[in-house]
Amino acid sequence: MAGNSFGDLFRISTFGESHGKAIGVILDGCPPNIAIDEDFIQSELDKRKPGQSKITTQRKESDTAQILSGVFEGKSTGTPIAILIPNEDQRSKDYSHIKDIFRPSHADYTYHMKYGHRDYRGGGRSSARETAARVAAGAIAKSFLKQHGIEIFAHVSGVGKIESPNLDTKDLEALLDLRESNIARCADPATANEMIEFIDAVRKSGDTVGGRISTIIRNVPVGLGEPVFDKLHADLAKAMMSINAVHGFEYGSGFAGSELLGSQHNDLFVSEEHDIHRTKTHTNFSGGIQGGISNGMDITFKTAFKPVATIMRDQQTIDSNGNEATVQGKGRHDPCVVSRAVIIVEAMAALVIADHLLKQSSYKNVR
Amino acid sequence: MAGNSFGDLFRISTFGESHGKAIGVILDGCPPNIAIDEDFIQSELDKRKPGQSKITTQRKESDTAQILSGVFEGKSTGTPIAILIPNEDQRSKDYSHIKDIFRPSHADYTYHMKYGHRDYRGGGRSSARETAARVAAGAIAKSFLKQHGIEIFAHVSGVGKIESPNLDTKDLEALLDLRESNIARCADPATANEMIEFIDAVRKSGDTVGGRISTIIRNVPVGLGEPVFDKLHADLAKAMMSINAVHGFEYGSGFAGSELLGSQHNDLFVSEEHDIHRTKTHTNFSGGIQGGISNGMDITFKTAFKPVATIMRDQQTIDSNGNEATVQGKGRHDPCVVSRAVIIVEAMAALVIADHLLKQSSYKNVR
Amino acid sequence: MAGNSFGDLFRISTFGESHGKAIGVILDGCPPNIAIDEDFIQSELDKRKPGQSKITTQRKESDTAQILSGVFEGKSTGTPIAILIPNEDQRSKDYSHIKDIFRPSHADYTYHMKYGHRDYRGGGRSSARETAARVAAGAIAKSFLKQHGIEIFAHVSGVGKIESPNLDTKDLEALLDLRESNIARCADPATANEMIEFIDAVRKSGDTVGGRISTIIRNVPVGLGEPVFDKLHADLAKAMMSINAVHGFEYGSGFAGSELLGSQHNDLFVSEEHDIHRTKTHTNFSGGIQGGISNGMDITFKTAFKPVATIMRDQQTIDSNGNEATVQGKGRHDPCVVSRAVIIVEAMAALVIADHLLKQSSYKNVR
Amino acid sequence: MAGNSFGDLFRISTFGESHGKAIGVILDGCPPNIAIDEDFIQSELDKRKPGQSKITTQRKESDTAQILSGVFEGKSTGTPIAILIPNEDQRSKDYSHIKDIFRPSHADYTYHMKYGHRDYRGGGRSSARETAARVAAGAIAKSFLKQHGIEIFAHVSGVGKIESPNLDTKDLEALLDLRESNIARCADPATANEMIEFIDAVRKSGDTVGGRISTIIRNVPVGLGEPVFDKLHADLAKAMMSINAVHGFEYGSGFAGSELLGSQHNDLFVSEEHDIHRTKTHTNFSGGIQGGISNGMDITFKTAFKPVATIMRDQQTIDSNGNEATVQGKGRHDPCVVSRAVIIVEAMAALVIADHLLKQSSYKNVR
């Protein structure tokens, strides 16, 4: 209710502030007997961690995950899996100058007004550092989904006005290799180079820039998603919009689809299979979801991230008494978040699918 | 959990199929002593009901709301408010031809596969008829919010490739009058005429078209929204994406904002007020929400609707045995849903804000 | 959250006041393809309805259930099942005398103080009339459980100081016949006669009396119940304590068990089966639940009901201004609720087991 | 959903196994600006910790609480409060003998069957060690309630057949001193001595014994509790029944009340105050709750604990293949849990009241 949990049956609750002792997560509802691979969790965290490259923040955090419970002899037990990620490289004094000043377009003002009392160091709870906890839990969700053959692939499809061309998505593993071959995490190498150059220039000018991430989820069984309010795409939307800096979400044809005619947009069934369990459609404007429920086609969606609010330039603002003030551009921040956010998007997508897989299973097998 | 409820403290649960006896809603958590105006509920339902104009479906439903409980002597009692809306003008035989056929881009196939057993008449539970129940509950939410001075205004800002120019939003009541002055429900009369002409042409050709709705919520107190997962915009996104045919959501600067630089996008504080309770920003790229929490500025968001799947043309498809089939264009359907959906968008927005108002109140007053 | 819903996956939400237009329930999460037998629902309601016999209230209500949604061609569709029960024989004027007076040991005072505004007619929402809605939903839960071979049997084991001897519980159907053979609903006919005579005498003296109900749930699969907080017996306790007038709950050995030694109380395993899926214990002090999880033995519990507060005698009390007043013994009330409450206890037990069956199924089948 | 969380608005989620690295809790929903006193949390944990006296288990755990988040400069921030309690004195090899054997009346068998895979060391997740996490969170709930003047007092009112006489409850602080003056935690010193002697004798004989705890909650505002399902006493019942070994719960007049007549049981109003905000009743058979809602009188309830299952004697049982086996009486266990459980009962009571206080506040202040 207080906003720090996500999911119903496969449910995470995160805790921790950017400059506190640690951040972490409890994953409750993970089925028993799932192999938990700590190396895989760590490799996922490494893709999100700060200090990876010249186009990310230089804060250094090893982001080492410690599993405290719920795993015995390498497998989940069905009890809560608690994961702790200690904070290491806080430089809290970097933030003493904003103790009484509200940074523009940050959560400083709204947290101050909501709670009256806030941990201002590094953004406290509003910091995107919290998403490391999501990535750790998302890695377990991915392991669970892998047993069901479900694949998730996200990449940076846009930075500023730079846009990746459409990808050939037949082989998601090959695309993953392409994505990981560059620090922008765009699966189109030429576009990736363009993005890196642009972000680096933006960074040097003390500025930041927004971007977009495109995601595909493959091999989702038909039938996931609850009708009416908990439509699969509605839960995906909430999951994505809950990631720091996200300002937009669309699935399938998205905003562009709203310009089309029904005769252009309808996904006609392929009638060759003669097996309704393996039905396909010629097009996929529906993005793999019809009436809120997966139809077995690829689930596709796109997420838009605003530019990071902290820029390395002085800005006019107000202080906690409402008086004019100047906030200085200090600290270590990302010029563009999308290359790190790719793994957060995948984690949240995995958590949504895992939750709906359990929901579907709850009555699928009791008739 | 089964997907038919929305909200936590101000919570609705809807029920009913398009061609069953009735649809309805239970609203649980409405505070006591709220004046419940049945005429207002009805006037809201009238804006959503079918058969309003030449650009909506010709199904005739009076959509008369009956309050069964929770209201005594004209005021809410704090107990569940149950509202019943009987179905009247079902023509179920219009649907016998799709009993064993899956209409393209409908929920027919996914419901069939999920449940094994479905009420195919008029789309059953997947029909947008369910949204009448939301509008009835939304009317009560609006009454509640009105006591707090909160205003909600939505209008059709786009149909196909037609796009309304930006509105002067100083006077929302005047805009509402403009919107209600035309059947397209676009507050820009010139654009409205263009839309009506276009939708009518689309209808005559047996086709459908998508569109977009823009919304403003004004006078939301600072501090609404829970951090991390239940960010105010994340809940708005889920609410909007749960409306039939919605394929996209963006708030504030949205997708366009992801192309900007931080130095362009940051909303600088106006420092004239010297009262942090009345703080304003020069721009509002943040759409009234920072760190997931309202900052007191107008909350703005946009929603994209795909074209209605049912077109008045024969389409190739498959039947429930997986064999090729032809689905005929029959029944009474909307050529474009957005002019009726405006009131659904407002209702869902009202429900989200009411829920967060109660959440905020839960601890605001206990210190 | 507002207290009118119960269950997580098999979830009911009830609405309605004693003297409003109707009461009812939405059951959300009922799996599809469950046969819904309206006659069975009605027969269950008939066991709870008022006016059954000389030892129940003389209010006449047919309690006719109308299914509004969620059932198609006699089977559940997986969508919300809404059931309406119109109110018929309200005599609201019987209650005008308590509009401004608080009846002792009723909810009058607490509702008045909590909400400020209440429907005082017949107790409004606090009336046990609400439990008819639970019985209707419970009948569906029973139908669902029957498919899994699960049986539920409750009977009146005590009235005032009268206590039924222990029953031979081998044949629950035979016990059910014995129970239904008398208006006290005690499965021991001799005790039943004693109870009936006593309740009738209490009624004639204008007084009321409390009682106890004992319940057995048989053939519950091993593994139902979630550890720590949602232990199976904790959910049963909440379900029972939510029934009007219940003041106590115990399972297995209960309060008496707290007087024993561990060496007396431990349920030793029967080692003959050599099949851990069919394990039995020699004794059943555990009441079929160990560590909060069903072990396959009979689940047994007992529920204590206080005497009905409305007595046919004048009582000193206070009015809504805090001044001394006299409340008159008026209206039609039960001298003892347990013979009608038996079916409510069974309904709530069925709802708890159905909910946990779905929970167990959610991950049991996904490995 | 998976059973490791409790509460809605003031919500805890616990994690950890008896012999894992640590146990802990996340408290989400604690209002901001509550003073968090680590010494008080520790003093509460010290009352529950093992090894306190000759009548508790000799396992030595310092149970040192580490606050990881949610507290800044000594006050809650409104964000999740995570508390970690490392495990220190596990002797896991004490348990290797039960790896494949099911101890009678333990959770061994049910966990094995439910999950297929369990951490058998020290009972794993089913161990009462988990309750230390509840006590830590309960200490914060108590601090919050103290600001509202609410007091909670529990003591051991029965061990085996020994029963404490009724206490004069005018001064709860004095009773607390009496309770803490003896290792039995019974506020009647003479009875306490009797209990200690008896428990010690039971312990020496390698046996265990059950007991009872009585609780009073004072100064609860009128109006707490939600009607119908989330009645205040229903939530208290669930909270108490979720504590390891609890087999019974009653409030107010309880089981004994079910033997009374209405004319004996009704709590008549005291009409002297002439202020309905300060209303009292002559008797308190209602236990401070009417219609599920607090009436301002003392809330009273009693909880029954079965004898600990682990006895220091060999018992016949079965192994995981269903074959006969002998389980040896080994390890360090409590001869009677109630003297340590007193503080767990208080903690859970505090959590229930805090949760309902926030619920009440959610709409009390929005009219």
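Brief remarks follow.
Read from first to last, the chains carry the letters A, B, C and D; within each, the first residue is number 1.
To be clear about the criterion, contacts are C-beta pairs under 8 Å (C-beta built on N, C-alpha and C of every residue); 3 or more make two chains touch, one makes a residue touch a chain.
Please read these numbers as outputs of a predicted model, since none were measured by experiment.
Taking A-D and A-C together, the pair of chains sharing more C-beta contacts is A-D. Of all residue numbers used where chain B meets chain C, over half belong to both copies. The two sides are thus made of the same residues.
Chain A and chain B have Cα centroids lying 26 Å from one another. Averaged C-alpha coordinates put the centre of chain A at 39 Å from the centre of chain D. If you average the CA atoms of chain A and of chain C, the two centres end up 46 Å from each other. Annotation for chain B: residues 1-5, 8-9, 14, 29, 32-33, 78-79, 114, 116, 125, 227, 359 touch two or more other chains.
The part of chain A that touches chain C in the complex is made up of residues 1, 9, 29, 31-34, 78-79, 144, 147-148, 227, 357-359, 361-367.
On the chain B side of its complex with chain C, the touching residues are 1-5, 8-9, 11, 13-17, 20-24, 26, 28-29, 32-33, 66, 68-70, 72-73, 75-82, 84, 114-119, 124-125. Touching chain C in their complex are the following residues of chain D: 1-6, 8-9, 14, 102, 104-107, 109-114, 125-126, 130, 158, 160-161, 202, 207-212, 222-223, 225-231, 233-235, 237-238, 240-242, 247-255, 257-269, 271, 273-277, 279, 281, 285-287, 289-295, 304-311, 313, 315-318, 320-325, 359-360.
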